[in-house]
């Protein structure tokens, strides 16, 4: 029982990451009709926004500490962050400690900007091109972005911990009447889940209740007609791209304390998020979210020892297996529309 | 000639000449010179050029003609390799039966995967093929270790004793063609130049020519026309009394067999196979090769695979020392500056250059490298010729 | 003799009765038009004939054999060809290749792995295709990229492709929809010519009365999913029920 | 037709064999000259450094490359000589190898066996490399080692820890200085027993590939021999990034130790996740829950950040060692690059020197002669104390370091502290040990490539 509850929690947690990435991916596809292979790279850049901010916050000048020596036996150079100078050590530490949450504020404008520049500078010219061309150009872009990050930050994972206050875990079990310490869940993962829910809800509300969202949804359904109505749909689509980039970026920022970011983390997620989008149904926002959570949960359950004993290796293939079954029984994914991306 | 019209025959002759003379063409720079770094005329890379050429030619039969974008083609390459490897380990070190088994095994696997995947089209088809390939990869890496050797993969070991081959005690079996070692080379010196003629390369090249010839025949056949009809308009196809499914399945299996052939050849040239040959990035690579060269064109995929393999093997080996050597003629400060500018794009940064090339090609040459070649050819031929080709483009000469 | 016999066909989509007890019989070697206002069920009926939809009840017999449950390509192989509202041709192929495909289909059936012949060396197929293009006055356009032709030419090509299969029944779904006047007249002329020169049955669904009355020998009027009346064009013109249900409205 | 199975470009660089002109194609066969492949005939000799430059191990590869560049500098008499001054064998003179200036070529393994072999082949066929070295994973090491055996080139393995490299996949032309899974297990077990007691229940998470298997096997065998019980061993996919689904079952098991048989990105993520789930604060059966990471590397410890503090593992070498060999190496590396070398850099540097030394002692570059010089070679002054290159399996036997994550690091490099230097006797095993492929495993015969 405890095991099952925990795996559901794991699934929801994993699912929220899948859902956030898939949401942006399907948003871009639904509005712009573009298959964006660089979407994983946007997630990765989001994560590196957090790394960058924490680097900025820890920008330091060096002080020589004569009492200690470095590995060569010279007097040790100690880095003193400028924030210490500005705010004193205690406040300075607190600010550095909160680098990841602060990065949200930092990442939103940066990611919006990257998204808009990407759309205006590159993607815009590919709306009418075949999907194959879109794949090639966005894949090329993904490689370039990845290599640029690798050039500046190296290939090693970079630890970006959550604020001290969130490092513990929450004891669900005690709350539900199980033995203590049996069902515990890290605070940050709970925060990630709530954060994902808020973002997803926000995007839905935005599309549902604002005029902007209505126009965009109309544009998703029938671009030409909306254009005929004299509405500048292009500018709105550009903003949608920025929004999708920001969603992916925020997913990345918040993910950094869960796993240390590295330059190829986007590629690791790319294939899975495509599977999620397609299982959900191309162009369907609720489908992407549903499929994200579904596949996340299934993956978690497949990793249980009891399951693996019966079906060794199932944890490695379960997502693909389920994707195949769903695509064969529900041709357009869980919630896809007919005729979308079938040619 | 050979059932080809004169234009196609000319193309085949050109490709034949290029592959046969590759040891010269790919080694344009004298040994020991600074530019020798760019020489690609050594057996391993030449073999890879033609083998991945075969892989891409096969992929193009599916993608270029029918428009079905398989994102799991590397699985067939891998399965072909494993099949060929076991054949060599157990039966005979002769490469021919090994390659044959590679083709057959891949063909059967492609039939199964294609039968299921082709129930869907568009990106749904792509994801289905991707899912099958990723499953193959994951299983080969882990659960199927007894069969695949896991991460380490399979090699011929001194303990392997193929049924039909006798190996001297303590020696490791080597792939051969009726006794001709795949690695046997004949070297020719000409001044400062050195040219290597490798048995394995020529065998692979001949097979590639055969594969290329068959692909021309398929492109020009009624079957090929039907495949293009599938890409163009499936509705009309069905209402013309044609069943698109067996056509796409046949194309899928044929291209799977090409991949198996490439996989078998890889093992024949270098007796080793590992599961990462089936990873999705490997499938993505053949997609990129084909689009980069020009999907649906005859020669495009071969060009595309050449460019990518060249990058991977030549560009990645350029290190800082070599750069300094090249730019040594410059004043010190300038030399360092230029090296600093160039360095991020070569050596460990070769992926960056590759990504930039992908983008540049697709932005400026929507038809791939072949289109670039046509543009250049048009420049040279001048105005009159350009009118000709304009007319041609409205007349849609199918694929070249 | 009736070549196509539709009996008691019903088709519902959820709460909507798209077709209710449709009975229709098309005589061999006639031009039979099916008309009716928007939403009368013309397209649904057509889709039931060619295998795209399966009726809930009733039977559709072609030349004594049921077409129900067969795939579109199988029905086509039985001898029914269809021309679409928007021309469906192989846009990436040349006009000549377009024309050769139905001839291959007729010769080789639904699938054949003829991977090593040369398309243009198939002399017999080539001759037939060229002959058909001559008949259509399109021989000079044989190397055109078919997607870049005018709508009228595409329609002409599509009809030609259907004829090249030598079908016994040709179904036309609003063949002149969205066409300029000149193209419409060309198409009417083409169809007239076909009717005169070939032994072929034509069933036509059409909106444009001009087209219907210049071609049809018999007309079935469909309204709200049920045949209202079936008769010769002259009689239909004067029929009060038709006037009320259809012509009256559109006049 | 004469068979030169691999070509030998080195020959031409010298110009010695040129000038035949177009008219007279010459049959070249290595055998005709020196009797082995890629024999250097001019004033230089080329080594091939095959390291990961792209992919997850790129930083480790970059560090290996730095070490090789330093080794080449020292071999050619440049710099401060590094370990040449402390190395017990004095055959090397600082004038290159056998008087030939050392040059090198580099390649990218991408941590894929195909790419690694392609890269190694190009070094052998195109650049005339006489020896290949480097790498950061066992799959690559085994694949390249097999290639070098076929080709007739010496392979000096870089960072490879799987038993298989010198176990069931050992080759006559391949040599490994780095330690292996068995040694990790053997060295760790006593330390674990003395720190955590002998009544422990261990839960293994194992990366689902060869290295993971051998490490799990080794650690299990040696901890079980100390009285520990293994309650579960779960395999995790290599491509896994989030290990929460594998960590949570640990919470419910009655295990009180978690062993992470993971390396690289897997290890960084699984350890981070395990700490997130509060495993380190957990008490089971009145005992503090503990985590063990059998193979540590400083670069990976850096990736895991705070999470490594207090966690035991083993390592081949660490820059804080105080013997003069280590100090000399740290000094020259640190002076040149500004930070201390990693264990990957150390093993690669040492391998390059050992190869050069063996050539000097053998008086020939011929692989079989070099192999003979390395087999059974005993040396000291290379940072690991007295070391034996065992003839039976070409594995180095030396002391193994048991380390633990440092509680109060003074710099970003000061992440591990040495807990114990396990003497070589404790990690010794028979060449036909079952974990090493048993009696069947054999080196085969040495191949000169001609």
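Note that the chains are named A, B, C and D in the order they appear, and that numbering of residues resets to 1 at the start of each chain.
The definition used in the following text is that contacts are C-beta pairs under 8 Å (C-beta built on N, C-alpha and C of every residue); 3 or more make two chains touch, one makes a residue touch a chain.
Bear in mind that the values here come from a model prediction, so they are computed numbers and not experimental data.
Under the contact definition stated at the top, no chain borders both chain B and chain C.
Distance from the chain C centre to the chain D centre is 74 Å, each centre being the mean of its Cα atoms. Chain A and chain B have centres, each the mean of its CA atoms, that are 34 Å apart.
Averaged C-alpha coordinates put the centre of chain B at 33 Å from the centre of chain D.
Residue positions 54, 58, 62, 208, 235, 237, 239 of chain D are each in touch with at least two other chains.
In chain B, the residues touching two or more other chains are 138, 141-142, 351.
The residues of chain A that reach two or more other chains are 312-313, 316, listed in rising order.
Pairwise, the chains that make contact are A-B, A-D, B-C, B-D. Those residues of chain D that touch chain B in the shared complex are 1-7, 9, 12-13, 15, 17-22, 25-28, 53-54, 58, 61-62, 104-108, 112-115, 117-119, 121-122, 125-126, 138-139, 142-143, 146-147, 149-150, 164, 169, 208-211, 213, 235, 237-239, 440, 442, 444-445.
Only residues 3-5, 217-218, 220-226, 228-229, 231-233, 235-243, 246-247, 250, 254, 394-396, 398 of chain B touch chain C when the two sit together in their complex.
Touching chain B in their complex are the following residues of chain A: 35, 122, 125, 129, 131-133, 135-137, 139-144, 146-148, 151, 267, 271, 274-275, 278-279, 282, 312-313, 316-317, 320-321, 323-324, 327-328, 331-333, 341-343. Partner chain A is touched in their complex by these residues of chain B: 63, 67, 69, 116, 119-124, 127-128, 130-132, 134-135, 138-139, 141-143, 280-281, 284, 287-288, 291-292, 295, 344, 349, 351-352, 354-359, 361-363, 366. Residues of chain C touching chain B in their complex: 50, 71-73, 76-77, 81-82, 84, 88-94, 97, 100-102, 104-106, 108-122, 125, 143-145, 148, 158, 161, 165.
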